[in-house]
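Next, two complexes with subunit A in common: one pairs it with subunit B, the other with subunit C.
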Partner chain A sequence: MIEERKPSPNVLEDLFWVVIHGRGVWHTGSSTTLARVLAMAGVIAGRESYYYMRYDDSPERVNIPMMFYVVMGNPRVEVLLPEEVEPVGRLFNAVVVMDSVSLLKETSQRATLFDGVKDDAVFVVNTGLTPPQVLALLKKYQLTRDWFGKLVTVSASKYHTNVAFGLIGALLRAWDVVGLEDVLNALEALKIDEGAGEAIASAYKDASVTEVRIHAEESGATGRVGVKTPEFRPGPWNVETYREYQRALSQARSYEDRVKIMPRWEAMAPGLIEFGPPPGGKNIGFKTEFARIEAPVIDKSKCVDCKLCSYFCPDGSIDFESVEVDYEYCKGCGVCARVCPTKAIRMVSELERVEGLNDPELRRLALVTREYGY
Partner chain B sequence: MSGERRQFKSVKEVPPEDYYTSGRRTCAGCGPALAYRLVLKAAGVNTVVLGPTGCMYVANAHQFLTSPYAIPWFHTQLGGGGAAGVGTAAAFRALMKKGKRRLEDVNVVVFGGDGGFADIGFAGLSMGMSYDYPRLLYVLYDNESYANTGIQASSTTPWGATTTFTPSGKVRRIGNERMKKNVALIMAAHPGVRYVATATLWPPLDLMNKVSKGLGSGGPSFIHVLVPCPKGWFTPPDLTVELSRLAVETGLWVLWEHENGRFRLTYKPSPRKHVKNYMQLQGRFAHLPASEIDMIEEVTEREWEIWAEMDRTGKLMVP
Partner chain C sequence: MKVLTRTDLEAVQIPRKKPITGARAIAEAVKIADVDVIAAYPIRPYTGVMNALAEMIANGEFAAEIIVADSEHSQFEIAKHASAVGARTFVGSSGVGLLYAAEAIAVTAMDQLPVVALAGCRALDDPGNFGMEWNDTLFFRDSGWLVSWAKDPQEALDMTLVAYRVAEDRRVMLPHFIVVDGATITHIAAPVDTPPKEDVTEFLPPYRPHYPLDPAQGPVTKAQHIAPSLIGPEQRKHVDVAMKRSRDVIAEAWRDYADYVRRTYDPFIETFHMDDAEIALVTMGAYTVNALHAVKEVRRDGIKAGVVRLRYFRPFPAWDLEKVLSGVGGIGVLDFSYSFGSPDSAGVVFNEVRAAMYGNPKPALDFLFLGGREPKPADFVKALKVLHKYVRTGDTPEGKRVFWLTLRGEDV
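Presenting the complex of A and B:
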């Protein structure tokens, strides 16, 4: 007998949504574990739960910021059409960040970590930094509005090689949609052992929770960069029109902004033509600095100007003439440091290069074998 | 139309302009992206690029209204790379004959992955190689799996590799049990073919010089490029060029060219390194015990006798 479902007047109150931010391929495996366990725990706690990732959020491109989602609904509430739950802008109750470099960066959707996040959201960050340091980074790079939630920091690789378990323990500390008991049952149902339960329990004990009350004005954030949407023009377009849109796209700071900038389809009729850069130029509409975990730093005193780094750069981001790194496009793969015959190029953590901070959790990222999600 | 065959002697002579520029969605350390960049650098500005569906189509194509290509590019269907290349070259020839376009050398470069050229688009590629259009170059960028859809085995996946379709397990321990298809040898066996070569990212300039030779050969040409894929080979992204070097130095990837009916090795590793140097770096071979890696070494050793024989006689044989 199926229970009759009735629409809830406040359906978003009944929907619990977790978003996981990590690095493509490096964190695909641990994100899958985290999402599976949470979703199973949600089912055990009596909620309709599932997890998913979207192709556009790049779970399978090395280094590229990626996202996983876990949704826990109330089975007694009918699923509503998207237009009935407007505004859909604020969905996420909890945000899990797998590495502290993500705190400096945009997501692959050109958005901040706070995009689509509720005002009372819980942030869980896997880092060796202290909560005030994390908070300062969030204020500087991500926060553009009110936040009255909780910040939990945990050094998750201390508990298990798979950082998912430490992060689950930390999340449970500040979030009560599923309990510790549900998660331990979920581990049993999914046949995950290898010390996962102990890892979750001890991370639950150790995690430090900080209550955060920040108003937009006092956050010190510069605020969202206002994007000027180019005026709509009926097609066909010429190169200048495209350049105008591409420049606007490069300034967008949220997914909503990007959608706003996209022209109506009529503009592109009769054919879908895109104008690339002129020879010698670069794709100004899509900068790829968000992919960088480590950054190459060139010691000019050791450089013998052999041009091998420029020749072998997969992203063409080392200038041929000046041998300078273009940090707007460099993805931090490290090929240049490998091919340099005089070892003039050194890879340093992006967090260290930009902020001068040293996060031991990031060093471990390079040491542990990468897990794969498939 | 005369063929220009510029050969680069040093990295410093390489033109600084990129036609496949920065600002694209590829992985960090992407081997195919580097191959694209170098091939198009060598081809120059007067080039039309075609790409059948594959990892590089999805990665390099538009993100909203942007494109990394500074030269004309279009996407063809997965099986249609060969036919689209012939069609484009034919269109240029017809327009020039009718006087609707000024006479000039236009390069048509078709990039196909191992799915686009070795499996699904193989028939079209073979058809394209049997025509006589000059300045038509087919480049097979071979990352040894269907990397776009999540590392499934293709017919160029090497023996023993773990992929999604051929996972190493308790019952079928080996992983992929098929041998790697040698597409370049098959292409060289086509009648009247002018230039067929294999290449990888290392040694520097080798790939660019081969592209230059192929485009200037006066007929359709084919280059099979081995490109390391950090995601599919389970390697850190900084090893991309290092793996190319080891593939050549261990003799697992043989660099040769077949020009106007004459076969020639373009790089002879001496002494040849043990294949374990190459295979131990890659997670996809991690399940293979030392005895099986030694077996691959033996097979490679025997194959190299035939490669050396081919180099002496200049005739094609099947190793």
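Presenting the complex of A and C:
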């Protein structure tokens, strides 16, 4: 039965949205599976259903944060679905996060996981951490406002090598736009194997659901609440203006803020001129830390100062003099750990390095059905 | 709690429509058309089609020769030559990739080889702009290719099947671009009804080339070098006549197609709310759906607006366009193309529409959406309001005729 809702002025708000946050290559296949099964279930339930990757992302590149959207009409979708959802409004009813490192990060395109998310949204996180641990991370790194939704955690790789199925089961516990029956029929329609149905059903049973009531200002949600985006008024397009622009952009706390900072055409120099850093300096406009899932940690007691790691680092993120990792630019590729002759460099999960937390789910990142699609 | 399994469920009717991307839908059409040779070279958004086809071939669902070329230029050369030999071919590219293949693209039309190619609209970067803009395809508007513009994944599938039928028709024999807006069609998975192959075999029988390169049937030379003074205009006239004839062939093909798949399309122009429209938005491609939404919005305020969508750009349906727009008081073109320094410094589509309306001129405004930035639904509502005021009072903001609605900064 499809319930009728009062139409809102923004046609996109009348749709049911699930957004999936994953990592390029690691989660491209499982995100596609998740989105496709949900969309097919939507069609079976009588809703016009769509899914799509965010075109601006690069899911064919390892570790790069990427998003998928699943959208269901009620019953029809009457506008073209936007690529940049955030400026259009708060739309997402449910957010699926494929790995717990994504809870820590700002990404290249979005300021927080709460961009474009409704206040009563369901968060589903694929993790071995406990719900309080996940909530603490969300408060510390992501939350910028009130949240009165539900948090569902599941260790999805327990149920199937493709984490999509465990996550679907978990999502269905707190989000009822499609039912378990619709999803099982969708598996049939898409000819997805038998183990998937069992995985979904078991995860549905096991997932842990936590009701969340957080008033952002009161509850110690330190995230980026109250952090003001610096004003940026461009003068003539020169090095100083450009630095000011980059600084403002790097401190923006929401997508909308970033858009506000972007300069008007009159302020830019012809030919899209950007200014590089002074020799030896860092380019603050091009930090690449968002691409890191694992981080190198150097044990100085074993280090013989041979400088191989510094020579081999493809991003120049290891200083030559002191052999220190610059974590603003390291992408976590692990080349340094491979070339280290004394095994002084160890790759640990970013979650462990930053928060000292050990998430077994991160060690089981599985590469399932690759589908790049670009 | 009891765990539900599939055996507990009542049998439900599984819908024939499944959510697949536009890229996948086109690949399904290529499979149904039983194409012999596919030439591939990756570029977003064409890569999606290439990957889907490669996967089908690898899974043994579809037998075709897929050749991954070293560049777009070679890719279109491969398709051209395979077509000359007598194969049914598929190829495609986008953005600057298409421009790199320009030599082969131009010559394919002059040789009248019925290659079907996908053009997945992409901005002509620099720097790495993969947003949606129409200029990549419009570079080839004068080249003798048929150009059709799909609205959604379903239509992209249908259009691909019809394209083979039209391109290979003896009266036409011209190459055919299927144009789909990058990302908005190619990368959105929408419910698509894929017809079973048996349903369309009669509509699109296996390709029988008119002049195959087969020694058993006697030697044939194609595209031989001949002095311009001997053959130049005659060859051009062949293409010209083929393009003119294609009008009837296209209409006939879509009529026929409807009988086989039970989906009907107006062949050249799709109209919405045009019966009583006082103003009309003219556009192509995926954003038609947003234009329609905008029209519904302003109709609530009593503005009688309609939408006209061009399904073909070549041949340009001037005859139909003039007819459907004869009753309106003003035209607004939603234009994702530019032509710097053109009349009124407007878009390509705008100037084509104006040329088509030369015998019956109407007040016309151009709304440009350039550089790949997405228009919001509200932008089209604004366009309609500006147009409405212009028709009523003759005034536009600052007296302009061309508007860059998604620009940050002063629209001078």
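Here is the rule we go by: the second predicted complex is superposed on the first by the 320 of 374 C-alpha atoms of A that agree within 3 Å, B and C clash if a C-alpha of one lies under 4 Å from a C-alpha of the other, contacts with A are read in each partner's own complex, and residues count from 1 in each chain.
In this text, a contact is a pair of C-beta atoms (placed from the backbone, for glycine too) under 8 Å apart; a residue touches a chain by one contact, two chains touch by 3 or more.
Everything numeric in this text was worked out from a predicted model, so none of it was measured.
By the document's definition of touching, both partners, subunit B and subunit C, reach A:Met262. Of the two partner chains placed around the shared chain by superposition, subunit B is the only one that A:Phe275 touches, whereas subunit C remains out of contact.
By the touch criterion defined above, A:Gly356 lies against neither subunit B nor subunit C after alignment on the C-alpha atoms of chain A.
In the superposition on chain A, the residues of subunit A contacting both subunit B and subunit C are 262-263, 372, 374. By the touch rule above, subunit A contacts subunit B in their complex via residues 24-25, 58, 60-64, 242, 245-246, 249, 258, 261-263, 274-288, 291-292, 306-308, 311-317, 319-321, 326, 329, 331-335, 337-339, 347, 369-370, 372, 374. Taken together, the subunit A residues at the contact with subunit C in this complex read 11-12, 35-36, 39-40, 42-44, 48-53, 55, 78-84, 87-88, 180-181, 184-185, 187-190, 197-198, 201-202, 204-205, 262-267, 272, 371-374.
Looking at the complex, you find that subunit B touches subunit A at residues 11-12, 14, 16-31, 33-34, 37-38, 45, 59, 62-71, 73, 150-151, 164, 201, 204, 230-231, 234, 236-242, 283. Residues 1, 3-6, 9, 12, 14-15, 17-19, 21, 23, 44-45, 47-48, 51, 126-127, 130, 182-184, 187-191, 286-287, 289-290, 292-293, 296, 374, 376-377, 407-410 of subunit C are the ones that touch subunit A when the two sit in their complex.
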